[in-house]
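I'd like to ask you about the structure that follows.
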Amino acid sequence: MCTAIANHGGGLYFGRTLDYHAPMGEEIVVIPRNFPLILRRQPRAESHYAIAGAALVRQDYPLLFDGMNEKGLCMAGLNFAGNAVYLPAKSDKINLAQFEFMPYILGSCAFAEEAVAAIKDINITSDRFSADMPPAPLHWLIADRSRAFVVEFVKEGAMVYEDLAGVLTNNPPFPVQMAMLSNYMNLSPALPRNNFSKKLPFTPSGMGFGAIGLPGDVSPQSRFARAAFLNCNCSCGVSETEGVCNLFSMLGCVSVPYGCCAAEGGGFESTLYFSCCSAQSGTYYYLPRGGLKVCAVNMFSQDLNSARLARYSASVISSLCGGAEMLGGK
Amino acid sequence: MCTAIANHGGGLYFGRTLDYHAPMGEEIVVIPRNFPLILRRQPRAESHYAIAGAALVRQDYPLLFDGMNEKGLCMAGLNFAGNAVYLPAKSDKINLAQFEFMPYILGSCAFAEEAVAAIKDINITSDRFSADMPPAPLHWLIADRSRAFVVEFVKEGAMVYEDLAGVLTNNPPFPVQMAMLSNYMNLSPALPRNNFSKKLPFTPSGMGFGAIGLPGDVSPQSRFARAAFLNCNCSCGVSETEGVCNLFSMLGCVSVPYGCCAAEGGGFESTLYFSCCSAQSGTYYYLPRGGLKVCAVNMFSQDLNSARLARYSASVISSLCGGAEMLGGK
Amino acid sequence: MCTAIANHGGGLYFGRTLDYHAPMGEEIVVIPRNFPLILRRQPRAESHYAIAGAALVRQDYPLLFDGMNEKGLCMAGLNFAGNAVYLPAKSDKINLAQFEFMPYILGSCAFAEEAVAAIKDINITSDRFSADMPPAPLHWLIADRSRAFVVEFVKEGAMVYEDLAGVLTNNPPFPVQMAMLSNYMNLSPALPRNNFSKKLPFTPSGMGFGAIGLPGDVSPQSRFARAAFLNCNCSCGVSETEGVCNLFSMLGCVSVPYGCCAAEGGGFESTLYFSCCSAQSGTYYYLPRGGLKVCAVNMFSQDLNSARLARYSASVISSLCGGAEMLGGK
Amino acid sequence: MCTAIANHGGGLYFGRTLDYHAPMGEEIVVIPRNFPLILRRQPRAESHYAIAGAALVRQDYPLLFDGMNEKGLCMAGLNFAGNAVYLPAKSDKINLAQFEFMPYILGSCAFAEEAVAAIKDINITSDRFSADMPPAPLHWLIADRSRAFVVEFVKEGAMVYEDLAGVLTNNPPFPVQMAMLSNYMNLSPALPRNNFSKKLPFTPSGMGFGAIGLPGDVSPQSRFARAAFLNCNCSCGVSETEGVCNLFSMLGCVSVPYGCCAAEGGGFESTLYFSCCSAQSGTYYYLPRGGLKVCAVNMFSQDLNSARLARYSASVISSLCGGAEMLGGK
């Protein structure tokens, strides 16, 4: 369970919740231009666009969850279990393991349309990162400052869809999500209006009645509808802080508090972190579960020509973000 | 529009969103024990329990929106337009203006049951704070570490209800909200289960299906149902930070991002701030719209025997909380 | 569980479903003008308006479920368990047992407003019809060709409400039903329109999208909303047959097929019969569970000056209505 | 807009509503065994199974809407505009015009599985019946006493799905309808149960609370969910009349009263007729809009070896079914 939103109200603010039933061990990373990206079935990329994002780091390799490159192209992978289909390597394709797909695209594409074109030649294989790490069944939201696309590798093959709602959650496949979304086309942020009957002199007892019917649970299609309604109607403000706050505010509405959603193997699914990429400033914002302060890394404050991964671990972040900013004192 | 939640998972974490279509100009205040509380129709309270909260300060008088006293009693006022009825002064009652009600209760009661008993003798008048400030039509959520109550002054008189869901929003009156809530009794945080028909071999395509039907819009009764579902199922964790984060996380799910709810006079209703009182530590947490860091004041770090209001203005808070905690740098 | 609808599209077509978990043993009756109506605590009515309706007949007394008088005043009683309050006899009131209320009103009032005025002086007692027949906890829909009213005897006393939606089901009390109905004010019979977002080029995949959000279950408040939406938007046609068909068609949408709603004591609640009074012709239409033909009695085809109850038992009706009208044959 | 239901509770009762914005001019027909079925691109069928159903008759050719053959195989076509794809004739296929598909299948197949096998070789062409009658974009529900299948000719080709819910409406395609149906798996006909929270002592105020969330509008996916819930939970009774009544009762719940659903070109979509095939007796039951009595034709009461179409026109039916069965009289 996860929700991603690409908001184009003021450039691109691109964020996601990561929802899971156990800690993921993610770090914030900056992958500089000369950090060699090893690919299993392709020549390794010695240099590439720099990338900032959240990743699980194993054997010095960043298994990216979401991130942004120095050109402002953003990408997030979301669970798509049951529908994602990865295939054996094909001789006429660029064969990438699932975990190589995001760094490959962010490393080599400046624009969303460039990514879309590149995907035509890509085949995602079921290669494992390691014996105990099978490929994650994902689909992806990719956006630049102009457009957003969803990429799904399904049994019919690689499918790329323009995502005019700018959101992605999980199952069912994107075209079905959009078809189901049309059921909500009557909903509106506007003031309550009596369409029901002129015979009934309804006196609205509050505001927000125009969107009654919007679902409030955390199933994937309900989060999709809620996120789409918010993203299509909420604007991001003028400043970077406003843009980031607005995105976190929308993500808050589709987040999963601990205890409200049982997980399959016991325990509960809940939101582990919120992130937001500002394509304008190259800043990656991040708020972990249990954090009271958003932390951030500006890619351009880093040595982007380095060959070494910059890593900010959970414990570093937690010590910075775990408490509130205290006012006053005797 | 506002939502208040009293969560008893680990003591009392009590918070609210304040939703409005225009800035309120609120500050964080600590009202120390010897700050004289002037009452229009009662002898002024020279000394009283200390209080921390959010307030609009006019003529050095704190018009409280929500707050907590040094004993851990918490209280929030929420819009109740159309149902709140304030009456002329009565000779056999303690007559209080609407804006005096919260400081009076928090100043004089240590426990929720004490407040409930006191309310039996109280009459809320329609006295204005000033010529341009008519009384706000409110109802109140009051909680201590054990119990929560809702107080409504309606045409039938003063009504006090125990609030087992621990939440309050706006119209309709609380008993109707609870009656409507029972429509959702079938909803569950549990794993999806096929109650529909044994004939249909549903394969759940995700989690969260047990609460499908929970409303996702921001009308008062939908926020009430959503907040109740979350508050009854989400637990607060062990530590203070976990408790606060959990409360903010639930409030996030019922908050109103800017643009998704038109206001009656034009513009949009949206969440202006989130607050959370920890009755355990006496800390008042606060996150304004546009803030990336939660700020907080611990009541007991203040001089509680003072006679002067401690004030933390929006500009002070904004300069502390407006930006993210930056990681790294060259 | 029951639903009543008063449709004023072409005069008054007034009908109901009677939903229960066991056969009721009702008959169709015509109570002629000189059939003496015995009242427990009032002088008996030797003569009165004639009445046609459905009733359980015990000791030659018609315990009416619903009916219409010769002036076109219609009335139906619906379950209101938990909210109906009947009181001891009062010296300054016309004291009626619950089962006397409908014949009293239909026997003495020509117009709905006349009934409303009469109810001011009425007190419903908890007198039993017999040792084994306690009073039924009901509320009533009363309508003539111009207006409809709901009557509820609750703990606050006798309450009469004009019913602009023209429908009644069960709990909660009528004012709460109407308050809840306002949540659906956005729904419309109109063509699907995209209020959601101009960004999304929804192509409606069908019709009826304007009322998505209308509830489809058989709980009382859902049947209330559905019946209200239909009754406010569906028109009755010009002819008597069209009017009756339209009313049965709306009732069909809120009826309870056997097996879809478990009853408290085991078994299932389901619709036992549909009825429709035409105030224009004085005809009472009736379709029992298991019937394939609607049967009817025209009051004015009866001897209305008689003193004897005219009764049409279930077996008579079943033999007339149980089979289809067969076409053709070799 | 239309809804079809195949109920296997007591053999097979198979029925449908036909919903449209204008009269269709249908008749009830019996196509006897030796009525020659002319096929545009195949040799004509000189003899075949006899069929009873509803059809528009043009040039003595029955354009079937729904029907049943003498073996008890039933079939109904429902609107599938936007998704139905008919192709040019193919040399390796049995090429049938859309209007030939239903008589071909009902004329030649005794069982649903036999029909499914036959469909593998069939290509539906876009041949017109006449210059002014383009093919109708349909999909089909086919059922015998054991199983039900849905057939859709879409851009991916001919798709056949077993239909365990036994229902069909309109868009989206059947697999998406079933995927969406799984969102309702939590709904139940059972008594209200408090899954929400043990903290809240909900006292159910009525029955039917277990299915709150079931949609009540007439959009295709809402009718699909409602019909599926009813068909999976409602049983058909023992006798033929009970079976037919039960099916009509479920169809009533998904029917479209006039006025509640605007049509695209103006006016209103509404239910024009209800039908029900009893596979047990070979009887076709039919209730037109405006009818108060169900009429029926038993196939085996006809001369099934004839070569002439037996037709029962709307005016014949209307004169039989338009009025109620009158009780009593002076």
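In this document, chain identifiers A, B, C and D correspond to the written order of the chains, with residue numbering beginning at 1 in each.
In the analysis below, contacts are C-beta pairs under 8 Å (C-beta built on N, C-alpha and C of every residue); 3 or more make two chains touch, one makes a residue touch a chain.
All values derive from a computational prediction rather than experimental measurement.
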| item | value |
| --- | --- |
| Pair joined by the larger number of C-beta contacts - B-D, C-D | C-D |
| Relative to subunit B, chain with the most remote C-alpha centre | D |
| Chain centre separation in whole Å, for subunit D relative to subunit A (CA means) | 44 |
| Centroid distance [mean C-alpha coordinates] between subunit D and subunit B, Å | 54 |
| Centre-to-centre distance between subunit D and subunit C (centres being mean Cα positions), rounded to whole Å | 32 |
| For subunit A, residues that touch 2 or more chains besides their own | 172, 179, 183, 187, 190, 203, 205, 209-210, 212-213, 219, 229, 233 |
| Sites on subunit B touched by subunit D in the complex | 164-165, 179, 181-188, 190, 192-197, 199-205, 209-210, 212-213, 228-229, 232-233 |
| Sites on subunit C touched by subunit D in the complex | 1, 28, 30, 82, 170-172, 187, 189-191, 203, 205-220, 222-223, 225-226, 229-230, 233-235, 237, 241-242, 244-246, 249-250, 252-253, 255-264, 268-269, 271, 283, 285, 289-298, 301-303, 310, 312, 316-317, 320-330 |
| In the complex, subunit C residues that touch subunit B | 172, 176, 179-180, 183, 219, 221 |
